[in-house]
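Heads up, there are several structures right after this.
In the two complexes that follow, chain A is the common piece, with chain B as its partner first and chain C second.
Let's look at the complex of A and B:
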């Protein structure tokens, strides 16, 4: 394989990992009947937490855990609004995104004012940098450890949702909350737990972005990646395995955009940066929304 | 708990939301090491203390009130237009292109430029609309994707075909003074009046026209509206195109009244502020009130930074936090009513043609 293809494939994998975690978070929540439009905000908050904690502790794993906790906390806040009250899930999601965007750029400015250098340690960028020149093995050694975690998470999510009892219960709450309630399931509690888990997955996605892709933070670092993950979930018909593939596709788009831009192939570089967004629009256009979990997006009121 | 406040309820929720949001903002200022009261007072001073400050606030207001309307009008039919930012960018580009390249008497060019910005804004909504109506795709994703696409397209234009060859960064040339919107009295630009006029017009349309009633019907209960013989898709498409056109106009007005050119990073996040303003405004006149508050925050934030050292980014909290509080309060009141049985059947939409 030529080195261009190898580095392109590596970049594809690297750019796909944040999308994969986020897509799993969205998918899990929607399977239980709650839209997780707040994914963008959860990713942003996760990314900032991860970068700041990594700089402070110089330990990327503590940073990863902190990011997923941040995401989980936002998930719980979101569940207060969308499950307990319940308010409109889309409006709450949009508001969460706006709040997180504002809050992260405020905290980011404060860290700059305090003279912090927000450059995260690069230890999450590849799992075994020493082996990168070995043929074949070198390719897999250059993946981020988070990429392997993401793959395991995809498989576990699939098995959990479609091969276990609790997974079936979770999906039943997404298909018909009232039927699930009648069958003795505590829908409110279930959705709260699910949003917490979904938030922590999206926070992880943010951590992957902040620690393994850019190693830093800027205002609106995610640049719509949460919504690209959202499109990937619809594209993949709420199936974790297909979502993995869709995220790889969108990751490839992102990788291609930067590569083409660097190669300077004639066109204005900003055209290439449009690629992931235009690709997402085309994907949505080709495949439409499809039929998701029937009760996703509907507020659930007991009784 | 509050039960049945009738028509004063939105005002009450809005007031409580504003106070709670300011409290949270004050707490954040405290975390940043400043006196919260000083910081918030500095915001209001920076936005209102003198003629210059008030004019700057009005300039922001003209943009935010229009982008707020751009969210509100589609929202009434159940469409979340989060693509305001992209629509602003396209509208601004259209105004600049027409302002620079059309040769005619100044005021004619000005009017064509404003019309062009309306059309360009509406064009930015065509793809999400098509995907929603034809493919059932949620506009929440597609309008966001259009935002990035349009902003990047603006970058393509200002660093490429429209770039001022003399400039060191991506910017267009300035539109000539003849095509700019005039200053009317006390230094207030005509652009501010355009924003006010559009809001009043939209208020009248919403209240006194068939289209206004139909939009409300579609937004309140889509299937009932359909059963009532309303062409729901057509009403929604019209509302979205009007909304997006108004966002485009926001861009056009900013160009012709205040910034005169499009450049890298020329715009503020008007489109995103419009989301919060549109949600909380409730009706076009309410949008004006909320937009003015947002304009104060935006304009005064620099003064706060200068006076207290709290980063101006603090006010960007307002892009989401008040909406969260607002919908939370709204839902809490609705549920408590629903549980107590009060007002269970008070809201009824009667559709007649």
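Let's look at the complex of A and C:
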């Protein structure tokens, strides 16, 4: 493979990994009947936690776990509002995004005002940097370990949702919560657990962005990537395998945007920078009109 | 399991907590830096100035804002001015914030960012008793007598950047990375291209635009691409996303010339030097003109005497450093003449 193609494919995978985790988090929650609009906030909180903990402990795996826990905690808060009260899921999602944006910026400001250099160790950037020049193997050695974890998570999520009994129960709560309740399922408890797991995945997405793509944090680091993951889930019709492909497609668009600019075709740079979003729009237009879980977004009221 | 039966009080308590948290955070988002009274000029009325930044945390942000912050510190600590600073003000809200300062008696109102030029042109006519000052690039003054601007000569500054890059490169390939192709940046990069060509006609210059000032992963990706093309010296003029440039440059053994302020502490392994702009001097001139009553409706040019290179700290050999320093001195004295060419092709429409 030419070095251009290798570089392009590596950039595609690198850009896609945070989206894959976030898309799985969104997909899981919506399959259980809760819209996860707060993904952007969960990613941001996960990214800041990951970078700060990695700097403090110099251990990226502790940082990844901490980011995952942070996302889970936000998932629990989200479940309080959307499952127990239950408030409008879109409004709660927007509120979570706004709150996390403000809080992460505030905490970030405090950390750097105290003289803390937020440069995390770079050990999650590639799994075996020493092998990067070996033909073929070097390509896979240059992937982040989180990329492999993301692929495993996609497969496990697919098997869980479509090949297991608990997965069927989860989907039934998203299709018709009342029917699931009548069949003996505790929908409230199920959605709480699912939101916790979904938040954890979104937190992992943030950790991937903060530790595997870059190794630092800045205000609003995610820059709308959570919403791109949301679009990927809708495009993929709530199927983990297709969502994986959709995230790769967006990653390829972003990787291509800068390469097209570097090739010097002579267009305004904004045409290239629009590329990933235009590709997403075209993909949704071509494959769209998928039907989501019927009860997603509807508050569940017992009785 | 908790079953919430009376939800109204819970919602009320939660909303109150959120409101309290919001107030606490809001209190931290906007800062008023009040001078030590001991340093205030005796007998003179204390000057209350208002200014707004489009980003948060300007002293640690990126590019121009860092240099501006040095100027703010000068006004505060050396002159005893009271400075009200609003951070994270989006461009569409700049005019409203500036008007708010004027209504509350702040004078002058300072615009530190070229992106605020629309607001700078619209507000002064409404508040004739207040001075409005732009401390960055602007093409023209508003149609009002109470506006002035201190504008760095970004073309000349670019010449200096180009000279440093072209003299320091070993591969003969240098890179210019900009956040957004605003006019001031196109002028700066044009100056850098001409400055580089003036001292090394064979140098290859690659220009890349990230598309925003803050997206760290995108800044890193753009830099990666330049490094893959063989670029070994990069000048980056962007915002908080500049950290991504340092990360990629350090990984690819390239060196970065920092913009406006000294970036050495941020990335000691990646920084070649920084092309400094003496913002404190700009603010000093402005403050003196304001305090003396000699401030006029005028664009005050800030020429080569406002620019210099930060210490190289061993990033190049002593021989190369001397060569760079001597060439910059020739540029400053006029011995080295560089033609003024605007490279419109770096920002195709």
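In this text, the second predicted complex is superposed on the first by the 284 of 303 C-alpha atoms of A that agree within 3 Å, B and C clash if a C-alpha of one lies under 4 Å from a C-alpha of the other, contacts with A are read in each partner's own complex, and residues count from 1 in each chain.
Just so we're on the same page, contacts are C-beta pairs under 8 Å (C-beta built on N, C-alpha and C of every residue); 3 or more make two chains touch, one makes a residue touch a chain.
This one's a predicted model, so the numbers in the text were calculated from it and none came from an experiment.
Partners chain B and chain C, brought together by superposition on chain A, clash. Applying the stated contact rule after C-alpha superposition, one finds that A:242 touches neither chain B nor chain C.
Once the two complexes are overlaid on the shared chain, A:266 sits against chain C while remaining clear of chain B. With both structures placed on the common chain, the touch criterion links A:284 to chain B but leaves chain C unconnected.
After overlaying the two complexes on the shared chain, residue contacts for A:103 are found with chain B and with chain C alike. In the superposed model, A:85 makes contact with both chain B and chain C. By the touch criterion defined above, A:234 lies against chain B but remains apart from chain C after alignment on the C-alpha atoms of chain A.
In the superposition on chain A, A:223 contacts both chain B and chain C. Residues common to the contacts of chain A with chain B and with chain C across the two structures: 85, 87, 99, 102-103, 105-106, 108-109, 113, 219, 223, 268, 270, 273. Chain contact summary for the complex, chain C toward chain A: residues 1-2, 4, 7, 10-11, 18, 22, 25, 28-29, 55-57, 60, 88, 181, 206, 208-209, 211-212, 214-218, 220-222, 224-226, 228-229, 240-241, 243-244, 247, 251, 266, 345, 347-349.
By the touch rule above, chain A contacts chain C in their complex via residues 3, 7, 11, 15, 84-85, 87, 99, 102-103, 105-106, 108-109, 112-113, 117, 122, 188-189, 209, 213-221, 223, 254-255, 258-259, 261-262, 266-270, 273.
Partner chain B is touched in their complex by these residues of chain A: 37, 41, 81, 85-88, 90-103, 105-106, 108-110, 113, 219, 223-224, 227-228, 230-231, 234, 268, 270-271, 273-274, 277-278, 280-281, 284-285, 287-289, 301.
Contact residues of chain B toward chain A in the complex are 28, 31-32, 80, 82, 127, 130-131, 135-138, 140-142, 144-149, 152-153, 155-156, 159-160, 272, 275-276, 279, 309, 311, 313-321, 323-324, 327-328, 330-332, 335, 338.
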